[in-house]
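Take a look at the structure below.
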Amino acid sequence: MLTVSNLTCARGGVPVLSGVSFEVASGDALILRGPNGIGKTTLLRTLAGLQPALVGTVDYPEDAGAYASHADGIKAALTVTENLQFWADVYEGSGSGRTLRETALEAFDLLDLHNRMGGTLSAGQKRRLGLARLAVTARKVLFLDEPTVSLDRPSVKLFADWLHDHLSNGGIAVIATHIDLGLDAPELDLTPFKAALDQGGSDEAFL
Amino acid sequence: MLTVSNLTCARGGVPVLSGVSFEVASGDALILRGPNGIGKTTLLRTLAGLQPALVGTVDYPEDAGAYASHADGIKAALTVTENLQFWADVYEGSGSGRTLRETALEAFDLLDLHNRMGGTLSAGQKRRLGLARLAVTARKVLFLDEPTVSLDRPSVKLFADWLHDHLSNGGIAVIATHIDLGLDAPELDLTPFKAALDQGGSDEAFL
Amino acid sequence: MSLWEYANPKRFMGWTRPVLPWTFALAGLCLAVGLIWGFFFTPDDFRQGSTVKIIYLHVPAALMAINAWIMMLVASLIWVVRRHHVSALAARAAAPVGVVMTLIALFTGGIWGQPMWGTYWAWDPRLTSFLILFLFYLGYIALWEAIEDPDTAADLTSVLCMVGSIFAILSRYAVLFWNQGLHQGASLSLDAEENVADVFWFPLLVCIAGFVLLFIALVLMRTRTEIRVRRMRALEARMRRA
Amino acid sequence: MPDLGTYAVEVLSAYAVSIALLAAIVGLSWRRYVRVRAALERVEKND
Amino acid sequence: MIALLLRDLRLAVRAGGGFGLGLAFFLIVVVLVPFGVGPETELLSRIAPGILWVASLLAALLSLDRIFALDYEDGSLALLATSPLPLEGVALMKALAHWITTGLPLTIAAPALGFLLSLAPEAYVFLLLSLLIGTPALSMIGTFGAALTVGLRRGGLLLSLLVLPLYVPTLIFGAEAVRRGADALDPTGALLLLGGITAGTFALLPFATAAVLRINLR
Amino acid sequence: MIALLLRDLRLAVRAGGGFGLGLAFFLIVVVLVPFGVGPETELLSRIAPGILWVASLLAALLSLDRIFALDYEDGSLALLATSPLPLEGVALMKALAHWITTGLPLTIAAPALGFLLSLAPEAYVFLLLSLLIGTPALSMIGTFGAALTVGLRRGGLLLSLLVLPLYVPTLIFGAEAVRRGADALDPTGALLLLGGITAGTFALLPFATAAVLRINLR
């Protein structure tokens, strides 16, 4: 269960969105829509806890969130397997790392590439690896920023299937995207929440 | 007029595509399709002259090509205007830089952002700036690698309109993409050209 | 109304407007009186000859160089704890003034060193710690300049100022350990035994007062400028979004 | 002018350098003060 | 946290950076000094302790900006910040990885280079000891500086400017210990103070570093 | 090409880097040496010419990796390579921008720092002259090194390793010129050789740099 109430978030000291409220129940996804620059990335970063909310609250079980940004955090000098193993270790400490990794590789069709260096992947292959990272974290609440950029159609399908599984196991996903993912999930258009002027940015004291 | 005949191109010393031949007449566009990792980026880089072809020839009027890659080359510490002006200067030496820049800003709806630092743009705004750079180069033959990644629908429309203008002025464009651009242009699926093994990579001499 | 209210940018602009000219006038007066008194109407020292006159610049500047850093430290702490924008901006405004004070202390000290120790520069602990202080100032200012977002810059420079202060004190001990030095110890103590003679002492006090006032006036003025810059940014941002 | 003896150059240059530095910081601060005030007024007028 | 340390070490080795090069830089600085200063042995042996310490400091400095910059640019740092690892632990591990790839090989190689500068024979033990105790402080302070400048694209030189004054106490006590060793005086005081600095930095700076990282990721 | 130069200079100033910081690093190295070596004036004045030259060299070195790395990472370099500018011109402009932001301010500031190291008064002219003639060579050689290592993500230390041996002749003649000036000998020979190196590098290295860039972009 993810509850966001009356959230105002800012980028670079300027409030971007305000009064955002929504709830996502376990097993559901929410798709964020809105034109370029409206603040989807900013909202996801705030949800993930990377930046503080100016106003309002974000509530979900502690240590359940995972964030995937425009940038994938793939190390060029590590192989696909090593890249995944690292994140598995970070999120788990120990234990079922190996099997998790294998299933993730399989889910995103990376088995053939498992020994390739991260730097020699094509744009779409990199993206798939970035998504496999998510699978490996085993977190319930996902914040995904344009997850299917550069993916070809079969890969988008792979992702949709994986996400479907994740949701049916009680997961939650908030996804910002411009293209159609083939998911049937409610959409939230952020345009109406565009922050009005002087709404509590760091410059407010000077106005 | 762009003529490609019997091209083989390689990435990281391994041949990726072979026997690619096509022609694009002035005023036409060609859309490259193919699954992730097939070699669209590699092909475009070869066409743009960034890497040599293993076999075959690429032919178009000298000094007429411009290339746009996954990375936009936007400087975080320069404003939008300065970023564009720089490329205008590089491509022109002098002259009509100012007006070109203005029309490019307008074509990609960047007038409002013209004084923003490159680093503070959102993903889609950055992409628009990257496309405006193309407009400013005033080159005829464009090699575009997934130009509409991260763009919202109105922006994709902006781009399609601009491209349409460009083509009707006798331009040429070769575009790699996974999503629909709303252009009616012939498509070339690269899957059949996938290079077989041992097809003249740098390792060949040792086989 | 609590004291903190005065740190609200608008109120700050309000109460500093009338105060500023008076502070400047008083600073100018003290400096003029102190320096003219010191330069024209004090006798030469029996050992140092006319070079004692340098003391009227050297000592106040040296004191203010250290005090400016302390003021920045306090302002940084206030920013970190209470997040008053004026406090962060005042720290930013004080830094260049502190640099100038440090430079004056270094230059006058160096010039003084030539007749006294026979060299413009020696790696004496006191002088060396000032050189290090100068470097801390430079780093602090450079960090402010390098960051686009003002709140981020305030946060980061505050942390730097706090960590830097610890290391500045450490350096002072390290430098003492490293070299025993030529510079005289503190003789401005209240202990009359080692105090300088009254003829030098009174004009020196006036000069110190002048430097303190000048520092305050400059910091107020520069803080006002910084506030206006922020306000301008805010208004421009609002216009862009309108 | 008091008699500065052998150290005239040192004392005078110390005063010159210090006063120049003080004048510089005051002057620069003042110039920026005036400019920013004018710029802000312009922005506020457009507002 | 161990995973992070191992990853960083692996990356250092993989990318051809890491161990070899920090060392190589140290070597080359030490080699350049005689070219600049002239070849007289007696002069070189007098400046040897200082030059060796200054060179290790510069070698450490040169690789500082990598500590966070790469992770920041490819997004790993934001992902780490949202991961279960505490950022303080990340900071500590980063400092440790930097020390293992720079400070440790430097320490081991320093005696051989002391030779090039005709360091007094009595001083070798103290050279080794002082570097062993002092270089971890250099890495930790450097990590703090790297965190401060991580958002700024060309923070490299700013980083040096910020970090070098912070390095002064470590340098003074380190070089002093070796100098005293060379002059057959008692260097324990300097070594103890050096140890104190190292302990202090490791106790405090991970927290400052994590705070700064959080601000920069905002 | 002027546009490129201007852009690079603007970026250097904008990003808070540029002019001030190369200088600051130079200052700090010069300041650190006495902490390492000890405070005796006579000793410092003997090593001053060498240390000043080594410090300028290191200051130049430290900012080398930025020459191409940023442009490479954000794709500008590939775009420049497909633009009408000849890559040789790009290389030359990059070297020039590096010199203006590093070598030139260094040269101007060096006399003030000679002071801290108690450099002999006669040597100042030659310090200035030798740096003015020698630092452009440092920038050009460094640009070549930067081009060699541009593809490698952590090329920074590798770069130093490659470039430092190339710097040795410049360093030797430069420091020698100052030392001879300080000892009241005739330094014209050294200065002439220094000029020869600079002229040679500028005649040849732009071509080598462009070739290397082409290979690295492939």
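Should a chain be cited, it is by its letter among A, B, C, D, E and F, assigned in written order, with residues numbered from 1 in that chain.
Here is the rule we use: a contact is a pair of C-beta atoms (placed from the backbone, for glycine too) under 8 Å apart; a residue touches a chain by one contact, two chains touch by 3 or more.
What you see is a predicted model, and the numbers here were worked out from it, not measured in a lab.
Engineer: Are the two sides of the chain E and chain F contact the same residues or different ones, given that same means over half of the numbers occur on both copies?
Structural biologist: Since more than half of the residue numbers are used by both chains, the interface counts as same.
Engineer: Is the number of contacting C-beta pairs greater for A-E or for A-C?
Structural biologist: Of A-E and A-C, it is A-E that has more C-beta pairs in contact.
Engineer: Based only on mean CA positions, could you tell me how far chain E sits from chain F in angstrom?
Structural biologist: 24
Engineer: When the C-alpha atoms of chain D and chain E are each averaged to a single point, how far apart are the two points in Å?
Structural biologist: Whole-Å distance between the two chain centres: 41.
Engineer: Centre to centre, by mean C-alpha position, how many angstrom separate chain D and chain F?
Structural biologist: Each chain's C-alpha centroid was found; their separation is 35 Å.
Engineer: Centre to centre, by mean C-alpha position, how many angstrom separate chain B and chain C?
Structural biologist: 56
Engineer: Which residues does chain B have that touch at least 2 chains other than itself?
Structural biologist: 70, 77, 119-120
Engineer: Could you say which residues in chain C touch two or more other chains, in rising order?
Structural biologist: Chain C, residues with two or more chain partners: 135, 138, 142, 146-148, 178, 231, 235, 238.
Engineer: Hey, what residues on chain E touch two or more of the other chains?
Structural biologist: If we look for residues of chain E contacting two or more partner chains, we find 15, 73, 152-153, 158, 161, 164-165, 168, 172, 218.
Engineer: Provide the residue numbers of chain E that touch chain F in the complex, in ascending order.
Structural biologist: Residues 15-17, 21-22, 24-25, 28-29, 32-33, 35-38, 43, 46-47, 49-51, 53-54, 57-58, 62-63, 65-66, 70, 73, 152-154, 156-158, 160-161, 164-165, 167-168, 171-172, 175, 179.
Engineer: Can you name the residues of chain C that touch chain A in the complex?
Structural biologist: 8-9, 85, 148-151, 227, 230-231, 233-235, 237-238, 241-242
Engineer: For a test of understanding, state which residues of chain B touch chain F in their complex under the given definition.
Structural biologist: Touch list, chain B to chain F: 48-52, 63, 65-75, 77-78, 82, 85-87, 89-91, 133, 137.
Engineer: Which residues, counting only chain A, touch chain B once they are in their complex?
Structural biologist: 11-12, 34-37, 41, 70, 120-125, 127-128, 146, 149-155, 178-179
Engineer: Looking at the complex, which residues from chain F come into contact with chain C?
Structural biologist: Listed in rising order, the residues are 15-17, 20-21, 24, 27-28, 31, 34-35, 38-39, 41, 44, 115-116, 118.
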